[in-house]
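Each chain carries a letter (A, B, C, D, E and F) given by its place in the written order, and its residues are counted from 1.
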Amino acid sequence: MATKKLLFVARSLPYKTEASRLALTHAISSQSVEIYLKDGDLVEATIAFVGDGVMNCLKNQQAMKHYGITSIEGHMKNSLLLDMKVMICKEDLAKFGIKEDALLMDADDIGGEVKAQIVPYSEIQKEMESVDHLLFC
Amino acid sequence: MATKKLLFVARSLPYKTEASRLALTHAISSQSVEIYLKDGDLVEATIAFVGDGVMNCLKNQQAMKHYGITSIEGHMKNSLLLDMKVMICKEDLAKFGIKEDALLMDADDIGGEVKAQIVPYSEIQKEMESVDHLLFC
Amino acid sequence: MGKLTIGCFSSLVGSLSLDFSIKLAEAAVAKGHTVDYWMSGNATMLSKKGQKAFKDYSHLAKPVQTLLATGKFNITACEACAAARGYHKEDTMEGVKSFSMDWYLASTFEADRVLHIGGD
Amino acid sequence: MGKLTIGCFSSLVGSLSLDFSIKLAEAAVAKGHTVDYWMSGNATMLSKKGQKAFKDYSHLAKPVQTLLATGKFNITACEACAAARGYHKEDTMEGVKSFSMDWYLASTFEADRVLHIGGD
Amino acid sequence: MKLGVIMSDYRTGSDVIDRLTAEKLGIIFVGNGVYHAASKEAGKASSILDKTNNLYVLTEDLESRGLTSANLDSRVKAITYSDVVDLIFNDYEKTIWL
Amino acid sequence: MKLGVIMSDYRTGSDVIDRLTAEKLGIIFVGNGVYHAASKEAGKASSILDKTNNLYVLTEDLESRGLTSANLDSRVKAITYSDVVDLIFNDYEKTIWL
């Protein structure tokens, strides 16, 4: 019985590459990982948005309307619905002048109970230290 | 009977993307373009290296030895062998402290007669103005 | 009405540059222009047949077919770029041609405008 | 000896990141380590069978086969990423498995080290 | 030369624009280039916006990223794909992609 | 935390390295990251080289680009793929790719 902890750190702008989208979808897939593991073993994934990566967290992304693809916002919502820990770097939001009300912060409307957390970089650094593996993208 | 002029401007570092390699191979393919055109019609391609793109022009690239792929240098040589005009931005070389003897400047060893030209940016700008189409990469 | 030649070198999914170039072609054709479309480098991924539509990934196979049906859109893949990626005749989407790089250069001869999307 | 899990998300040709990851796997296996190799995003291009060797393009199909023959190398493609690109069972190189993304996460459980090469 | 620049990136390519000269220069922000038109860092707008008065942003790409005309620098005009085609054919002789 | 950073790019990612802290930090330059180790701009070496004393460059990637150890900043050690594997397994607990 053990739990391995992973932290995905999304530092790239959305859409030009699949990096942030795939970080979220891979992190979410930790929820079905037991089928490959022994009883009681788990992989727990957390995701942090830093630098340009905070742009992934804006709400009202219209990617489906214009390009027929799900938005990054939609994946964030799913991760919150599944009670995953989502951190957004406070200093980077401040640099871009982005306020909390411009961000996707919860999945209330689809029954989620967990909120995204705006945290100082130092807390993300602490998370980086505490996990077993770090996955930057 | 007409000639259309194209200028490929390579502004990217080599290898991480295929941009500079494909600029050279496409430019070189102008030599066989007559099969699609009327008698006497031509497409003439020139290539200029600016910004980070000047790194493409270093000689002794060992990409074949280490990765089994032809070097960008090899393509430059072929373009000089075919008498294409190859320009390298003087100011950008100076910025990186790159001297002429570090560059692939000719295809003498395989019978080429044309040399690469180290020119001020203003000459590349003039070339940009004089051609029919500009292809940055 | 004019002719636009687009050369695209960006990968299929994961860079919306390819999506941009197809939407631009649609807008040009809708205005009565003709478009020659050249796929080179990773953009040859667009020529692969059997692309499955998922909501999470760009799906450009359908708009390409719609564009082809207008008769104002030519699309050609770089033969060597495709073969290096394992795309051969039997892998190629209907209506997509395959030539060497000189096809692209030749296409610019008659083009009124050229847009070269040169990297990923 | 340890286990290294590599996740690669870079496109086949045109980014030497994929070449790096395969050479790193070779070096790790040569030292007696085992390697789980996960292809996602554009890196699923590596799973396509029939890649033709040209001197101008990376050719990684052969080193992958050599790695597989050691018995110390597992390689799996993201099923949806591959299908979106038109790569189905009949398109897939011998020895390459196909699973959903949880395979990668599960692989990290036993891994001593993980290297996630996350973008192009 | 009348030159249209399609700017698709946020972190690279500014060096190219800095030294371009053209009798008429237009910049169309698409893809992740839209952040030049709709975001500020430490309160400052992108210096590219000072380069010319002919500034455009593709609405589709702006909205896909959760941005709207409310975020837009007042110097930049929001346009559609159809407008991009017209700019390419009618307003500029050459178009480059950065 | 003992953290190994594999730096594969020249124009992006420095902002991430700037604020990383680690008990032991190593930086391995690969791909186009090698220009940090082997080129100067206006006579100045990359500021990343000031971040730690544990600096490495992959010889294969250096040589592929026409650079040699003669171009290398004296603080950077040239290594092979085999050495990268040892650094990952023996010297650092976690490895990230930028």
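As a convention for this text, a residue touches a chain if its C-beta (ideal position, glycine included) is under 8 Å from a C-beta of that chain, and two chains touch if they have at least 3 such contacts.
As the structure is a prediction and not an experimental result, all values here were calculated from the model.
S.K.: Which neighbours do subunit B and subunit D have in common?
M.R.: C, F
S.K.: With one step meaning two chains touch, work out the least steps from subunit A to subunit F.
M.R.: Minimum number of steps from subunit A to subunit F: 1.
S.K.: Going by average Cα coordinates, which chain is farthest removed from subunit E?
M.R.: Checked the centroid distances; the maximum from subunit E is D.
S.K.: With respect to inter-chain C-beta contacts, which pair, B-E or A-D, contains the greater number?
M.R.: Of the two interfaces, B-E and A-D, more C-beta pairs touch across A-D.
S.K.: Which chain's mean C-alpha position is the greatest distance from subunit B's?
M.R.: Result for max centroid distance from subunit B is chain A.
S.K.: At what distance in angstrom does the C-alpha mean of subunit B lie from that of subunit A?
M.R.: 43
S.K.: Could you please state the distance in Å, as a whole number, between where the Cα atoms of subunit D are centred and where those of subunit E are centred?
M.R.: Inter-chain centre distance comes to 38 Å.
S.K.: What is the distance in Å between the mean C-alpha positions of subunit C and subunit E?
M.R.: 24
S.K.: Just how far, in Å, is the C-alpha centre of subunit E from the one of subunit A?
M.R.: That pair's centroid distance is 30 Å.
S.K.: By residue number and range, which residues of subunit A touch two or more other chains?
M.R.: Where subunit A meets two or more other chains at a single residue, that happens at 15-18, 25, 67, 133-136.
S.K.: For subunit F, what residues touch not just one other chain but two or more?
M.R.: 8, 11, 31, 60-61, 94-97
S.K.: So which stretches of subunit C touch two or more other chains?
M.R.: Where subunit C meets two or more other chains at a single residue, that happens at 13-17, 41-42, 56-57, 59, 113-114, 116, 118-120.
S.K.: Applying that definition of touch, give me each pair of chains that meets it.
M.R.: Final set of chain pairs in contact is A-C, A-D, A-E, A-F, B-C, B-D, B-E, B-F, C-D, C-E, D-F, E-F.
S.K.: Please name which positions on subunit F make contact with subunit E in the complex.
M.R.: The touching residues are 11-12.
S.K.: State the interface residues of subunit D toward subunit B in the complex, per the touch definition above.
M.R.: 13-17, 19, 55-59
S.K.: Please output the residues of subunit F touching subunit D within their complex, sorted ascending.
M.R.: 6, 8, 30-31, 60-61, 80-82, 84-86, 88-89, 94-97
S.K.: Which residues of subunit B touch subunit F once you look at their complex with the stated criterion?
M.R.: Against subunit F, the touching part of subunit B is residues 13-16, 52, 55, 58-63, 65-67, 71, 73, 95-97, 102.
S.K.: If we count contacts the way the header does, which residues on subunit E are in touch with subunit A in the complex?
M.R.: For this pair, the touching residues of subunit E are 8-11, 31-32, 35, 39-43, 60-61, 63-68.
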